[in-house]
Every structure is written in C-alpha cells, then in structure tokens.
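Working notes, beginning with the structure itself.
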Amino acid sequence: MTYDIAIIGAGVTGAMTARAVSKFNLKVALLEKANDVAMGSSKANSGIVHAGFDAEPGSLMAEMNVKGCSMMKETCEKLHVPYKNNGSLVIAFSDEEVDHLNELYERGVKNGVPDMRIISKKELKEMEPNISDAAMAALYAPTAGIVCPYELTIAAAECAVTNGVEFIRNCEVKGISTGKDELTLDTTQGEIKAKYIINAAGVYADEIAKMAGDDTIKIVARRGEYFLLDRSVGNTVNHTIFQCPTKMGKGILVAQTVDGNLLLGPTSEDVDDKSDLGTTWEGLNKVKSIATKSVPQVSARDAITSFTGLRAHSLAHEFIVEQSKKNPRLINAAGIESPGLSSAPAIAQRIAGIVEKLIPDVQVKSDYDDSRKEPVRFRHMTDEQRAELIKKNPAYGRIICRCETVTEGEILDAIHAPAGARDVDGVKRRTRAGMGRCQGGFCGTKVVSILAKELGVDIDEITKFGGNSKIVIGKTK
Amino acid sequence: MINYDLVVIGGGPAGMAAALKAEECGVKKIVILERAESLGGILEQCIHTGFGLDYFGEELSGPEYADRFIQLVKKSTVDVKLNTMVLSIDDNKVVTAASSDEGLLKIQAKAIVLAMGCRERPRGALQMAGTRPSGIMTAGTAQRYVNIEGYMPGKKVVILGSGDIGLIMARRMTLEGAEVKVVCEIMPFSGGLTRNIVQCLNDYNIPLKLSTTVVATHGKERLEGVTIAKVDDKMQPIPGTEEYIDCDLLLLSVGLIPENELTKQANIPLDRVTKGAVVNEMRETEKDGIFACGNVLQVHDLVDFVTREAQLAGEGAAKYILGEGPKEKVYINTTPGHGVRYIVPQRINIKSGEDIKLYLRVGAIYKNARLVVEADGKIVSNKKHIKLAPGEMEDVLLPKDVIDGLNQDSKVSVYVEEA
Amino acid sequence: MKKDMICVTCPRGCNITVEYEGTNVISVTGNTCPRGEKYARTEIVNPERNIHSTVKLIGGKNPVVPCKTSSPIPKGKIFDVMKEIDKVTVKAPVKIGDVFIKDVCGTGVDIVCTNNDSGK
C-alpha cells in the first residue's frame, strides 16, 4: 500500500498536522519512532502559548506565532484540552532592561500582537504580589496563555486517527529512497511507501531531510532543564513570568501549568547528543538561582520532579515550513523550536494548504470532525456527575491514583483511545495517574497490571516508555 | 445518605484497632472504609518478621499481625467497605467516598477516625541529576512487586536511604538472588532501626555508606548505573568523591510522609514537623470529633505502637460519641526542647485526669544522654538513655499527679540533656 | 575474648558485650532482658536467624504467598533454605500456619505459610 502522505514524527507539529490533513480524502500515516506520541520536545517544554513579540518582524516564526496564539483557544476547546489565557509578563530589572521592554513592545506591535502594555512597578506588584522587589517594570501581553503540550499532542493524534489517519508507533525511519511516483521509507516497522512525506521530526528533522536529499537544514539540540513544583505552590504567580530574553532564548521562566503546578526553567545549552535527556546538578542549580531572581519565594524544596527537554534549534533560528527545494516530495516542518507549541495550529494549517496545492484533486471529507471526544476527568466532576458515572460503569468508582484521583475507568479509556497509551508514562500523560505527590509510588504497580491485562501481555513486558524501559525484569520464581 | 456513629478511614492496623476499641467501648454503628481490595494496609506486603513482639509477645510477619485484627473485625459488628476511596469530609462530618460496588457514597458520621497511613517520598524531592530511565522506584514499590506480585524489579541494586524499608529490602532482594551493592545514606547516621542494620546489612556484608548520596543516574531506557558521592555537612556533594556503580535498580528509601490530603482538605491543622494532624492526648484533632492515629498522624517504627495509638483514638472517639468525654477542657501545648524534634500529642487537656504518655523523636544521635521532662520549671523525670537516635521513637510519661497540678499557663517540655 | 554485638531479638537493639573463650560464654552484659542473654550465647555458639520469603501459588489471588521459618535456623544455612523454598509450589486455598516444608534442610524447623489466600 502506498500512502498519500506519511508524516514523520508525532510531536505537536506532526500530530496537529495529521489532524489538519485528515480532513482530506487521503491515505495518511503518522510515523513515530517512540512508543507514543509527544515523546520528544512536545513532552518536556514550558507549555506556554506565547503572544508573539519575541520573533523578528516579517519572519515566518512571527507570523505563525501570532496566528497560532489566536487559534489556540478554539483549537483547545474542540480537542477538550485544558487551556488558560492568563497572559505573560516580561520583567525588567535595570534601566537597560526597561529599554529592552520597549524594543519588545515595538516588535510586538509590528508582529500584530494585540493589547500589549508596559506596566509600572506598582501595577506589576498588584498583578503579581510575589514578584521580586527589584523588578522595575514589565511588558504585559494579555493574549499569552498556557496549555499542556503533550495533552494537545495526544488530543490532536486522537482526532487524526478518528478521522482515518494510521498511527504507526516504534517506527523509526532509517532511510528514504526517492522513486518516480513515490518515496520508499526504510523503517523499523518495514518498508513504507508514500507519495509525499512531511518532515516533523523535531531535533532529527535535519537527518530526515538529508535522507530525502535535502541537506539545507541544520538542527542543534538545545537542552533545557526544569523543576516542576507541587500544586500547593501553584498559585505563587498568576501570569507567566519571563525575564528579558537573550540570544539563547527567552530565559528562565516561572509559570503556572494548566494542571495547577508551578514550573521553573528552562536552562539553555546546545548539546551534541540529540537523545541527551539527563538533568545536571549545575543546570538545576541555575534554574533555582535564576527563578528566585523573578520570584524570591520559589523553592526547589517543593519540587515533585525535575526533567530535561530538547528544543530543535535551527541555526537560522527560523521555522522552515515549506516544500523542499531539493525534493518536491518532501515537505519540511523543521526548526520548530519555541514558539513551536504556540504556532502548531498555524503550522498545521499552513501545511494543509501546501498539501492542497500539491495534490490538486484533493477533497475535504464530508464526515471530517475536527474535535475530540471529551475524556472523562473524574477529579473535575461534581458528586452528582460522579454518582451517575459510577452507576453506568463501576470502573469509574475504582480510584487507582490517590494523589490525582484517577479512576480505573479513565485508565482503560486512555489505553483504548485512538493512538492510546501502551506504557506507564503514556497512561500518566493521558490521565495524570502517577503524576502527583507520590509519583506513582502507590498506583504504579496497579497501572502496570491494568496495562498488562488490557494489552494481553505479561507484566514483565510492560515498559515505562517503550524500548527496553521495562518495569520489572522477570518473575521471582 | 447513610448514617454511622463512627467512620474509620483506612483499614490498616490503625483503622482496625481504632474500630475494634470503639466497639469495645460501646459504639454501635461503625464502618471501616478501605481503598484496597482487602484489609491489612501496608502490612500485607511486609512479609518479614518482627511485628507483634511488643503487643502479642510473639514474632509475627506483617500479614500475620494484620490477620489477628482481620479475624477480630470479622467477628465484630464493625462494617467494612472495601474498594472504597474517601474523596472528601465536610464540616458536618459527611464523608463522600467512591466505590465500584456501591457507587458514590455519602455517609453522615458522628465521629471520624483518620487512619490513612503514609506514603514514601519520591525521587522528585531529591535533587538528582541524570536520566529518567526505568529501574528507579521506591523501596515500598519494589517490596510490593517482590512480595505480592512475584516479580523482580532488578538484579544489581543500589539503595538510597537507610530507612527501615530500604534495609528490609536490601535483605529481601539478596535472598531472592539479587546483588545489593551498597546502601547510601545522606545523613551521618541511619534512619533505620539498629537491629535492621545488623540483620539486613551486616549479615549479608552489604556496605552502608553514610554521608553519601546518589548524585546522578545513568542509562537511557533501563537504569545502567548511578554515581554516588560523599556530601559535606550542608549535604552538598563533595567534588572528587564521585564513584560510579553499575546497577539496574535504584531503590529509594528516603522517608515516609503521612498521607494527609484528606486532612488538609477538611481544614484540619497539621504539625509542620510530623506532617500529621495536631492532636490531644486522645488523638483528637483540632476539629471536634475527628481523630487521627497511626502513620497518618506520625510515622511509627513499630506497628505495635500504631495499634496502641489507634486504641487511644478509638477510645477517644467512643467517649466523644457516647458523651463520656472529659467535662472540662483546658489545653496546654507540649513543647519540644533542645534535641527533640516533635512531641505527640502536641496539646494536652490538663483536666483529663489520667496519666499521659508523650511520644517523641530526637533530631540527632545522642549517647548517654538524659531525656528530661519538665513541667513549670520542675523536672518530672530525667531518664538516662545509652543511645537516642532519630530512627527510634521514644516515650515519656506525664503522671496524673503532675498534670493535676498544672494550670492554663503551665509549660510542659521535653528536652535532651547531653552527657 | 570480648565481643560487642547488637541484639536483634526485638526492636530495642541492645548493645551487648559477651566475654567468652572458644564457645564457652563467661559473661553477658548490656542486655535488658533474658532474651538478650540467650541471643548473645547463641550468637557465639551458633548464630541463628529467622528468614522469610514467598512460594509460588497456583490459583490464588496473588501469584505468590509469603512464608517464614517457624523458628530461627543456623545463619550458615540461610541460602540452602532459600533454595528449598524456591522449589515449592502450592495450590490455593492456603492459610496462615500451613506447613510448606517440614524440617527444612534437616534443621528441625518448618517453613510455614504467613498469609491467607482463599483462591480466585
């Protein structure tokens, strides 16, 4: 079988693109080298929907950011993904930085960012009582927001699969050969043929492009380390708090997450190893010291976890979302670093436009549905709704994760969803089971048992996140 | 709405003992709400022996100790609802719980005993660099895999933290054929019982490295090794002392935290040190008619002490329900002095008319020191201890005649007098 | 000769000093109960320990069921006894006190069941 389109990489760009092109009467495959969607940059980033004042005016990055930001609310509503439009603040600590705020403001105006204001220390303190006394002024961008990056990816992939996209996991592309009418992909799941490929491979986008004969792209993995703090301190700030950006990025932020935790980070360091997800003692110390410059009371003592994400930094620091000039069957969506999450809806729309032009006879399917079925979220329900739900299905009365109040029913839903969970981390990202204070200490063994039962395998086959990340190594006797 | 006189939340050793004691004291309608599929709580996975030496005068395993109480509950009038997780407690003592069998339950209680136990501190609270592979879990999770599910979580083991569960698992993993390479403890002393160091580590030649921690984990999918390092007196790693250890399993035994989400949600004040509720001598919290006992109140070393504490709470709850409590209530606080980290109960009713035992932990290791109980500047007792250690809970007595002589401005404190 | 040891009989963990020659114990000091003296004497003559493990269970709620030594066994035999325990498979129902192995490794000690499992 030959696919019309194979999308390489099921991060937020790939999944949102899959959703966007799933409206066409095309055969589409979404290929992912890991055991789940959102396993690269999309699972470990700040989760910020940027307003769009950072990028260079006139750049694609600026255009996609501002447009994506404006589309985010509706996208999240359709996909039932939590989104909060809480606005962002860039804090200036010196006269020099106040000048910088003015520059950012000017840039924002040129980029079309609505409703920005530079606010005084007094107003800043009213908006954010816990901000450092050393803060002098801030740039307030009310259109910024927060979203859970992996939940958006999961939801988009579910929507795409529901609309007929085939999701193929553990499918690493090893080589690409270009034929007359199609491309042949040599993958860890065998040979896959496609008329067009969309390269959404994140930090590996340059390697994929190269396989298809396009050596114009160079991606550097830029490592960022984070602390995630307990929900008890989630309300320390109301807006996303940035410091003035540098050439290495937007700096270390203090932000609420949509789940009510507090996020500190990221550091920014270019690394050679594109799979280097280790945290470092130095990096985490740096996050602590810089975050406390903005908000003195934040403390790593409240940390429930720390993690590292890799951003796909293009040397040109510009999004590349276009048909390759070297191979007309290759559409690149490369260099998607921050504000890639914010831009995802716009990038997906842009790619759908490219596809529409390349394949002239494409039709929009009459039964295309761009929404996702709302997942059950027991912890957000009223007692009446809960009573009703348990009556319908007793599995929703069995609480598996105590810290986050996640029921067995929700875990079963996560496993059986389109492009559903196949490992412990997959269940965790979809349901929050194991994401609370005990970090899976109690529910981990239960989640493993449920996965084994539902997938019809032994417990010793179950992994944390695919590959060889097995939880146990065998039976005791 | 269902009505019960007493709702006990948690069916582990604390919950069962509290319910049974309340029944013995004359309470008629009692229910235990247990989230697991059976009674017994964490004892079910504690298959090592050493339980019950104090209470039963016998050396029992965890499940055997639990079974003694399970059989008593079966014979009693106490109702048990399994697979039932309490979601909230409101100001009028209405308990809301989810159950797969009975749906969403609303139970009106006259009194409530909190007996939810504790949980293990996870990795996140520790600053540990490196990757996030599989093969890192708490000692308790590993204990469940090995003892109940029958699976081995790894073959080459490093244990971080010398709490009792870590020590017990060092022996257990060794008996199951794993190689336990080292137990690292960031503090200059072990948090576990001395007997466990002897019979779990020394017996099997497992090294215990004090003032040492795991600074980094290695391996992308499955754990491949850890880096350990010595720490200074501020618990920061000392450069140059790093050592790589090849292992496929890192067990964390870095402390237990009372599980008080429900307590917090019910707006019951907590003690900052114990992380359990602030209670009086009957283990009543600052909310009338809500009691707490066992590891949800303070982390115990021995289940025997949990049982005794739960019986106090059960008796207190019974008196509350039956209107037999002390007629007069004048509370004073108990104050931990030099060397003492906390005291339970945190406050006592000086009109209670009974002897009161104070339970406490010290903050460091003391040799040949005295534990001094002082009331209004007078020394009540000053027993000499060959050794006082943070890992071993101590108790002191405040006799009735001393309590009777106190007034609302009195000060009671316990402190360590070093040799 | 003198030897310092920590009694493991109960959680108190008394520091005991034993004076002995060969296997002849001259004095025991530091113990706070008679069990401590017994422990110290045994520790010099022939150290003993209780051990516990699980055996494979067929048809039970869980795939294994816990067990223990009915009384202490010589320390040197711990791993021999573990080998014997690992050979055992039992069928549900099982209950506390069921004897899984009689006189394990000629020690005169039994391996007994320490939990109930009435079966699936």
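Labels for the chains are A, B and C, by order of writing; each one numbers its residues from 1.
Note that in this section a contact is a pair of C-beta atoms (placed from the backbone, for glycine too) under 8 Å apart; a residue touches a chain by one contact, two chains touch by 3 or more.
The model shown is predicted, which means the values in this text are computed figures rather than measured ones.
Engineer: Taking each chain's centre as the mean of its C-alpha atoms, which one lies nearest the mean of all protein C-alpha atoms here?
Structural biologist: The most central chain, going by mean C-alpha position, is B.
Engineer: Looking at A-B and A-C, which one has the bigger number of contacting C-beta pairs?
Structural biologist: A-B
Engineer: Taking each chain's centre as the mean of its CA atoms, how far is chain B from chain C in angstrom?
Structural biologist: Chain B and chain C have C-alpha centres separated by 26 Å.
Engineer: As a quick test, compute the distance in whole Å between the mean CA positions of chain A and chain B.
Structural biologist: Each chain's C-alpha centroid was found; their separation is 39 Å.
Engineer: Between chain A and chain C, what is the separation of their C-alpha centroids in Å?
Structural biologist: 54
Engineer: Going through chain C residue by residue, note those that touch at least 2 other chains and give them in order.
Structural biologist: 54, 56, 63-64 - these are the residues of chain C that touch more than one other chain.
Engineer: Pull out every residue in chain A that's touching 2 or more other chains.
Structural biologist: 475-477 - these are the residues of chain A that touch more than one other chain.
Engineer: Could you tell me which residues belong to chain B and also touch two or more other chains?
Structural biologist: Answer for chain B, listing residues that touch two or more other chains: 146, 149-150, 176.
Engineer: Quick one: which bits of chain C touch chain B in the complex? Just the residue numbers, please.
Structural biologist: Spelled out, the residues of chain C in touch with chain B are 5-13, 15, 49-54, 56, 62-64, 66, 68, 75, 78, 82, 96, 114-116.
Engineer: Residue numbers of chain A touching chain B in their complex, please.
Structural biologist: Answer in residue numbers: 228, 275, 277-281, 283-284, 300-301, 303-307, 378, 383, 386-387, 390-391, 394-399, 402-403, 405, 407-408, 437-442, 444-445, 449, 459-460, 463-477.
Engineer: In the complex of these two chains, what residues of chain B are touching chain A?
Structural biologist: 35, 83, 85, 87, 96, 98-104, 106, 119-120, 122-125, 127-134, 137-138, 140-141, 144-146, 149-155, 176, 215-216, 218, 220-222, 237, 248, 259, 261
Engineer: Where on chain B is chain C touching in the complex?
Structural biologist: Per the stated touch rule, the residues are 44, 47-50, 53-54, 59-61, 63-64, 67, 146-150, 175-176, 193-195, 197-199, 203, 301-302, 386-387, 392.
Engineer: What residues on chain C touch chain A, complex-wise?
Structural biologist: Chain C reaches chain A through residues 54-56, 63-64, 86.
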